[in-house]
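Notes to accompany the following structure.
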């Protein structure tokens, strides 16, 4: 479609030959750029993927023998498996906390007027723009020696979840605020009209019509938490270490193909959840 | 009637005593603009009242006040005799058929219709039969499992109608429900709403800017302008005895003869005399004389009033021909079934009865 | 008559009051979780760090309560800090320029290409966001350093004889690329594609059209995207410290070093406060720029 009309545009401009050369140059540039960006994104991914199947003990090219050796090694190591478990638990917790809090706050912003609205907005959004180092350090200092019911808050997974929510929650909030604005106000009124109380209306009418938005912002929250490692570095102990933290620490000491396996598994976790959601979304589309 | 049980009878009496809806001096302003200005309407049980007016006349605002989407600044709204003006929409016994239908896109037709019943806490077992019956009433049986996206515009509005009617509200509110549909569908659904009203006898307020819709459906029509009700009466009365010039011009097509009367003779705005014969004597001054184009007759000198004018051009409108005339600066048109044997430029006598004419100074 | 009037007033009053105070309270109840997270885990730590930055650091203890400006003064005198500041700014600037340029061209391509390519492009744009920074770092680390794939390829092809070590920090300017693309794409999507045809129709060559039409229309988006990626880039420390030469210290790295390496909490806190203020200043500047833009527009 666009190609066709850019052609027709070209035809209507004055010196046809020059325009044709221009268009060809632009097309070549666009192709070159696309190749460049694909390479830019794909190179580290492909290199990592290849390395994860390396049979050798060291990260070294060319790869002489292929094997699943490092995958067995990864799953055989309690430290790495625990880190993966920690990562998933923390990411799930962050998703629940930030999605609930973010959706509720976004609904409040969309539906109500109240005092200090822009100040509250700033307060909720500000952490998203803060460097992870600052947030991690701050939380570590503030909660370093706090204990609740005899349990140390510092080093607990819950603290990491809440710290990750500082990034995930504003993101959910921002996405959901935009999504709520697209809700057809008339169907909300229709629900009130038929006797739906505000809470019923919210769950029956509003939430289902923003389900795609909620699912995608929850996915964002999950991915952010799963991949985050700066805050986690400051806030975890050996027992609660997340996978990226462990990767970072072992990258600093010595890179082995095990790291590549960890990278692949981390990315796989993201893509599995992404495809689950895609499947859900397609089923949803088919329904209507 | 005599065999009816006692308290059922007593209850009927109580209900019959109160109006379905009473608006009394309702006023609502939006940031200095008065949208609804001192509106009072009583809707009797089973009555179908139309709010008719141009856009911005406050008819939809009035409906939203009744539905509970807005709160009045002053005045009172009673439903079944109970004051509701500060109750939110979900606590009022009204349901609205919206212009867009406002069906819930993620619910099936059956779920849409069941929604109001569920919200009102109707027993679970009673819901499916009532949904089924409501869909039968709007002739949509078999569409239960469809989603709104799979329905045509007319079907959507039928579902909206079923969804609103199934809860049996005291009063149904229609917010220009047909204006988004094309003409033939509009006429068809209009007749259907009329049939349902005749069969079921619900009370309704119907908002529209289409006077033919208002005439065709209503027990009474309220003509609104700038937030006020100009006239409220039966359609024939509003058409035949309009309260003022606005109502007259809004309610149907009309020609306006702008003339100057001096010493009993009519002149146009340039002062040139025009051949106008009136049964009623008008005072000297500027007059706007309105006649419906369908109530004027060609080649008639035997009627109470008459005007001799020059034929300018002719339009063919399908069931009638429209003849455009000029008498000096005065322009008018006459609808006449069938063609007449005149050519442009001919001087023709136009006649009409005094009852079909309105004159405003 | 009288009785009826009284009961009516009660009904009206009751009906009026209940929703009003509930209406006022509901938004705060809804925002309570979000606000408490922001206050407890952002507000409180900032207050804590501010206080901490005035404490003293003696021997190997994390901090000693006190009140001193030493930690701030040290920033002016300490060459490590000033070089880290310089490094941070330079890296942030370069990586933002690279990111915005790439993001801009990418968003423009997505906008220009037929709709059917769109999903593919969006998936591509999402990749940097979905893949952990640490994995990307590791991937580049394997690609670039002495025994990496690139130097292997270069040496074995005989192009160079010595194994190379590239300066690739800017190369890994992935920070916020996805966000930048989406910010710019939303700006592009707001532009009617017909302006291009109109410009071409009036005789402007494509490059001319870009300068005269597209760039002015997307100026605001470019500013916002640039600021966004700049803010994220100032805070980063993992990529440069892992991929850059050993002397490449950013403020983020310095903070980590003070906190975890030297256990000097007051110093780390002071650095953090300065970094936070830097981010806040950038945000205020953006705010001013964007509000001026809207003021100009109408």
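Things to note:
Every chain is named by a letter (A, B and C) in the order it is written, and numbering of its residues begins at 1.
The working rule: contacts are C-beta pairs under 8 Å (C-beta built on N, C-alpha and C of every residue); 3 or more make two chains touch, one makes a residue touch a chain.
Please read these numbers as outputs of a predicted model, since none were measured by experiment.
When the C-beta contacts at A-C and at A-B are tallied, the pair with the greater total is A-C.
With every chain reduced to the mean of its CA atoms, the largest distance from subunit A is reached by B. Taking the mean of the C-alpha atoms as each chain's centre, subunit A and subunit B sit 55 Å apart.
Centroids built from CA atoms put subunit C at 14 Å from subunit A. In subunit B, 88 are the positions where the chain touches two or more neighbouring chains simultaneously.
Among the residues of subunit A, those in touch with two or more other chains are 198.
For subunit A in complex with subunit C, the residues that touch the partner chain are 1-3, 5-6, 9-10, 12-14, 18-19, 22-23, 26, 30, 33-34, 37-38, 40-41, 43-45, 47-48, 51, 59-62, 97-98, 100-102, 104-105, 107-109, 111-114, 120, 123-124, 126-127, 129-135, 137-142, 162-163, 165-166, 169, 173, 198, 223, 226-227, 229-230, 233-234, 244, 247-248, 251-252, 255, 259-260, 263, 266-267, 270-271, 274. Looking at the complex, you find that subunit B touches subunit A at residues 67-69, 88-91, 94-96, 98, 100, 102-106, 115-116, 119-120, 147, 149, 163-164, 167. Taken together, the subunit A residues at the contact with subunit B in this complex read 184, 186-187, 189-198, 200-201, 204-205, 208-209, 211, 287-288. Across the interface of their complex, subunit A is touched by residues 23-24, 26-28, 30-31, 33-35, 37-46, 48-49, 52, 102, 105-106, 109, 112-115, 124, 127-143, 147-149, 152, 193, 196-197, 200-201, 203, 205-207, 231-232, 234-238, 242, 252, 255-256, 259-260, 265, 268-269, 272, 275-276, 279, 283 of subunit C.
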